[in-house]
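Note that subunit A is present in both complexes that follow, paired respectively with subunit B and with subunit C.
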Partner chain A sequence: MKLWVRKILAISFAIIIITPLIWVVISGLRDVSSLLNNPFSLDSDLSFENLKVVINLPDFSINLINSILLAILSSIIVIILITPISYTFSRYNFPYKKYITTISLFSTYLLAPPVLIFPYFKILSQFGIINSILGILITHIAFSLPFALSIGKIIYDSVPIEMEKIAIINNVNTARHLFFKIIFPNIKLQYIGLFILIFAISWKEFFYAFIISTDSKSGTLPVLLGTMYSGEYNHWGVILACSSLMILPALFLLILSSRIKFQYFLSSTSKE
Partner chain B sequence: MNLLEINNLKIFRSDILTEQNSIVENITFSVRPGELFGILGPNGIGKSSIANCICGFIPPLRSSKNYFTWGNEQRRMTGEIFKNGVEISNSEPSNRNIGYVPQNLFLYPHMTVFENITFPLYGKNLKQVEINKIGEKILREFDLSEIKFAYPRQISGGQKQKVAVARAIIKDPEILVLDEPNANLDPIYKSELLPFIKKFLRSQNSCAIVITHDPLEASKYFDKIMIINDKIIHQLDSPNNIYNTPKTPFVAKFFSNIENFIEGTYNSDSNLIQSDSLGTIIIEDETNISTYSRPDIICGIRSESLKIIDLNKNFISGKIIDEFQLSGTNFYRIQINKKNIMVATSRNKRYKINQDVSLKITGIRDHDYYFFSNKITHKVSK
Partner chain C sequence: MEKIRNRNIIILSILAFTILSMLYIFPVVYLFYNSFFEKGILGGQDRFVGLSNYFSILNSPKIYQSILSSIIFTSASVVFQVAFGLSFAILTYRKFKGVDILRWIFILPYFLPTVVVVIIWHFITDPVVGILGDFLINIGVGPVDFRDPSNSFLAMLLVSVFESFPFCFVLILSRLMLISNDYYLMSMLDGISATKTFAKITFPEIKNTLIILIWLRILITGIKFDVPYLVYGYRGQNFFSETIAVWLYRISFEQFNSGSAFAGAMIIIILIIIVQILFLKIFKKRTI
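Entry: the complex of A and B
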């Protein structure tokens, strides 16, 4: 392909991605009547009225804190959990290893969320953590764990085993030394990528959070956004303002992750 | 006293001990202190597996099944490995005092050259001052002081190799295992490493096992060579002896630079080889051929031992199909009954392509042509 063709394709692809984001942000700043009259016009006054309404909602601040806490906590906990498990899957041989990976992946993603929510709800209510951030956190961890596990295995496969062999033969063979001196410095970037992925999954997750948080105090931002649709009349300006607030952290992470060389992410250099 | 002794080593792809599952069989050799020992063979024949066994990464087969093995390792070994007369087959890699340079070197990309080289000392509980002192000494020895703080991605291939070898020998190991250290390297660097290692071995009284598939490199520097093919040792001797007296057709082809092989049956009464493709060949030299009990033999002839003469009914004849020059010698490929024979002549005699010529065996010296029994017996003596 010629260079100018590639440039045009890249620019048009970028426009397709960016235009809706800009539209959401701009529409969130517009007056609701002008927005409903002509959603795509640009000649209306911009004001922060809608944003003020969103921020002054009684549950907004607590839901925002819930969302941030959930996303960060679930990413950290999932990463801590998958570290030993995916290392084991990558480096050790044991019977039925292949089937265990496949089953753990399919058991979560082949079944629709409405099928899984009944047992989740039953278990969480027996422990008395329905309607709390802890309950949502557990579902989020359970949801992203198998996915993160398979990514984690790929990450560890990308570290050549010879590096560890040299360490082991030179008596650097405690797990702590092996991990923090040899393995971790080589997979830092991949871990940041994985963190962003799990953060994004937890940040935009609606269904489990909506079912488990029956009280608005324990909801997350997607739940708050979802409840705004109720009733005959939707205040689109406020909804879009809330959406643009939700997009901001995702956009920030996207820019952050574009600075990471993601070719490392799914690369494998080991000789088998 | 042998520093390293390997006795009847067998390696299997998994813990099922069948013949199809084996990688190498009956590997027995010993290495004395100060020796540079080479393991040669074509690619993918199990040379690296032997290195892994010496280092201890392939676990020995146990009576109880060991499911949980590190390194995705499914291979299992049987046999004994002795170091200084003590069996080490079951000991951990860290207790074996081995310096290891893997294939493709695998320097730590997140460490500087100095950190890479001094890395093995961290397992020894030394103080930072002592580590720096030993590290500086090695850096000077390897001429790496200028790139002390560079990262592996910033240095050249030859320097990378030096760093990897320095990392392996910094803790003065008794056994040095180098897995194809010269692979992927410019020829200009290749000549530097092995003489250096030889010097080091003499001063430390340790030994090195070098895996390579380059016969030229091996014949120059190694004290002893083991040639492996088809799971077994074909020959184990000094490079000079192997070059002059190869024991199997494979060794003759792979190491001794013998191009021409003629299959036939040997008639001991008239001292003739009856070959289907080439007709009758008269054996002028009677050495060692009668020791083969089988009448089926393979005759290997060096290209220098053949002479091109003008077309003559009494000799085997064919057509020249190819020619090339190499260091003062003309080589001709001659087709005789669909079989190619390589002949070397001196430069002043030239023949044309497609010319019909006859061939004469001139060699009556030792080491000019060789006889192998047609079927290689599965067990080859040392």
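Entry: the complex of A and C
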């Protein structure tokens, strides 16, 4: 395929993908009556009425805080957990390593949420943390841990072991020094990619939050939007405004993308 | 130094094993144990019923129907996910100006919650307000109701492909970028056609990645809850939207028949493990 054919095809596909998102964001910022009467006129003035309605919904602010808190906490905890574990998987041999690695790498795919929810629900309700952000946090960690672990192992595999050996010869003799001064600077950017991935997994997760939060106070934004969409409350303007609020972080990534080279994101997700 | 290292190995392995067993092995054992009990009425003691949960699940036609609809949905969806991911990866794996922004656009849907994807496509195809709605009427398809049960399969397909092709795109792209450019240079110098270059160089290089990717996508899509539920499942029952996950949800959280749900979940786990072992047997020589 000629390069210009590639370019044109890629650009047109990209436009097909991005147009619906931008269309929804624009529609969310418009007045409902003008949206229904004349959907295609873009010159009608922007109104923030719908956004105001969304923000003033009784549960919106608490669900937004829940969502952000969950995403940040679960990515930080998962990264702290996987750092030693994936380093161990990558560097050392220990008994039953093969089985433990396989179980940990495949457990997300083998034990999917719709199956695992039953024991989790029962155990969490016995501890009395059903219907709370703590319960959802535990399930989100369990959900993204294996995935993060497999990526973490790939990240550490990409750091040459010779570097550590040279550092040890040169009198770097505490584990902390070795990690923070020698290894970590090399994988900083991959860690940013990993952080974005885990953040996204928790941010868009629906099932666990939907089951575990039985009252609206402990729900997350996808649950709020899901119940709004599936319930009787069929007000396009408000639903669109809420969706456009959820699309914005993704579009924000596009702006960030000039800073984070795609390469680093890729190297953090590459499977080989 | 060696001493520090050995001590660290032991501590870290114990840590790893504890966390993994707490999060995965213990819940599965708990699930297995509880699948032999029937939930006591009004907070009473759980009653041991042996295998009867399993028998009642296997005797109901719903499980076979939900497995069938899962298989239909998964196979259709995975084909399109991988096809789109592969073609976008092939379009953007060579460098040109602005390729980074195109790649970011191709993974953008990965960051959208399923609800938002459902709303986007419902809104776009809406006959009254959507941009595609008028177009669909004009080309003779007629007004499309996204919530119509007869459209549920296509709607599920659309949503699941749109939200999961980025995963395929990223995996294939990262593998494509590992192929040395020298191969392409050589084939260009020898005047080999683009189709032949793809068949002889590109495809053999990404074949293993494709197999593993398809496998992962089958496992993930096969037991997905949010797509069938949010497209149609919340409104009622329909052949295509009653997948395994929705069925398990219904017996446990709508009919509160937790004993049967536990047994059903156990059966699904066993099924997945059997299929997984078969896969490993067939593709044993390929590395992951």
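In this section, the second predicted complex is superposed on the first by the 231 of 272 C-alpha atoms of A that agree within 3 Å, B and C clash if a C-alpha of one lies under 4 Å from a C-alpha of the other, contacts with A are read in each partner's own complex, and residues count from 1 in each chain.
The definition used in the following text is that contacts are C-beta pairs under 8 Å (C-beta built on N, C-alpha and C of every residue); 3 or more make two chains touch, one makes a residue touch a chain.
Quantities reported herein were computed from a predicted structural model and do not represent experimental measurements.
Residue contacts after overlaying the shared chain place A:222 against subunit C, while subunit B stays out of touching range. Within the superposed three-chain model, A:13 lies in touch with subunit C and out of touch with subunit B [touch as defined at top]. Greater residue coverage of subunit A by touch, when subunit B is weighed against subunit C, goes to C.
Shared-chain residue A:182: touches subunit B; no touch with subunit C. In the superposed model, A:173 lies in contact with both subunit B and subunit C.
Once chain A of one complex is fitted onto chain A of the other, the partner contacts of A:94 extend to both subunit B and subunit C. Of the two partner chains placed by the overlay, only subunit B lies in contact with A:162; subunit C stays clear of it. With the contact threshold set out at the top, residues 92, 94, 168, 173, 271-272 of subunit A are in contact with subunit B in one structure and with subunit C in the other. Contact residues of subunit A toward subunit B in the complex are 90-95, 160-173, 177, 181-182, 185-186, 271-272.
Put simply, subunit A touches subunit C in their complex at residues 1, 3, 6-7, 9-11, 13-14, 17-21, 23-24, 27, 35-36, 39-40, 81, 84-85, 87-89, 92, 94, 100, 103-104, 106-107, 109-116, 118-120, 122-123, 141-142, 145, 168, 173-175, 200, 203-207, 210-211, 221-222, 225-226, 229-230, 236, 239-240, 243, 246-247, 249-251, 253-254, 257-258, 261-262, 266-267, 269-272. Across the complex, subunit C meets subunit A through its residues 1, 4, 8-9, 12-13, 15-17, 19-20, 23-28, 30-31, 34, 88, 90-92, 94, 96, 99-106, 108-116, 118-121, 123-124, 128-131, 170-171, 173-175, 177-178, 194, 209, 212, 216, 219-220, 223-226, 230, 234-235, 244-245, 248-249, 252-253, 258, 261-262, 265, 268-269, 272-273, 276, 288. Residue ranges on subunit B touching subunit A, taken from their complex, read 55-57, 67-74, 92-94, 96, 98-100, 102-104, 106, 108-110, 119-120, 122-124, 167, 171.
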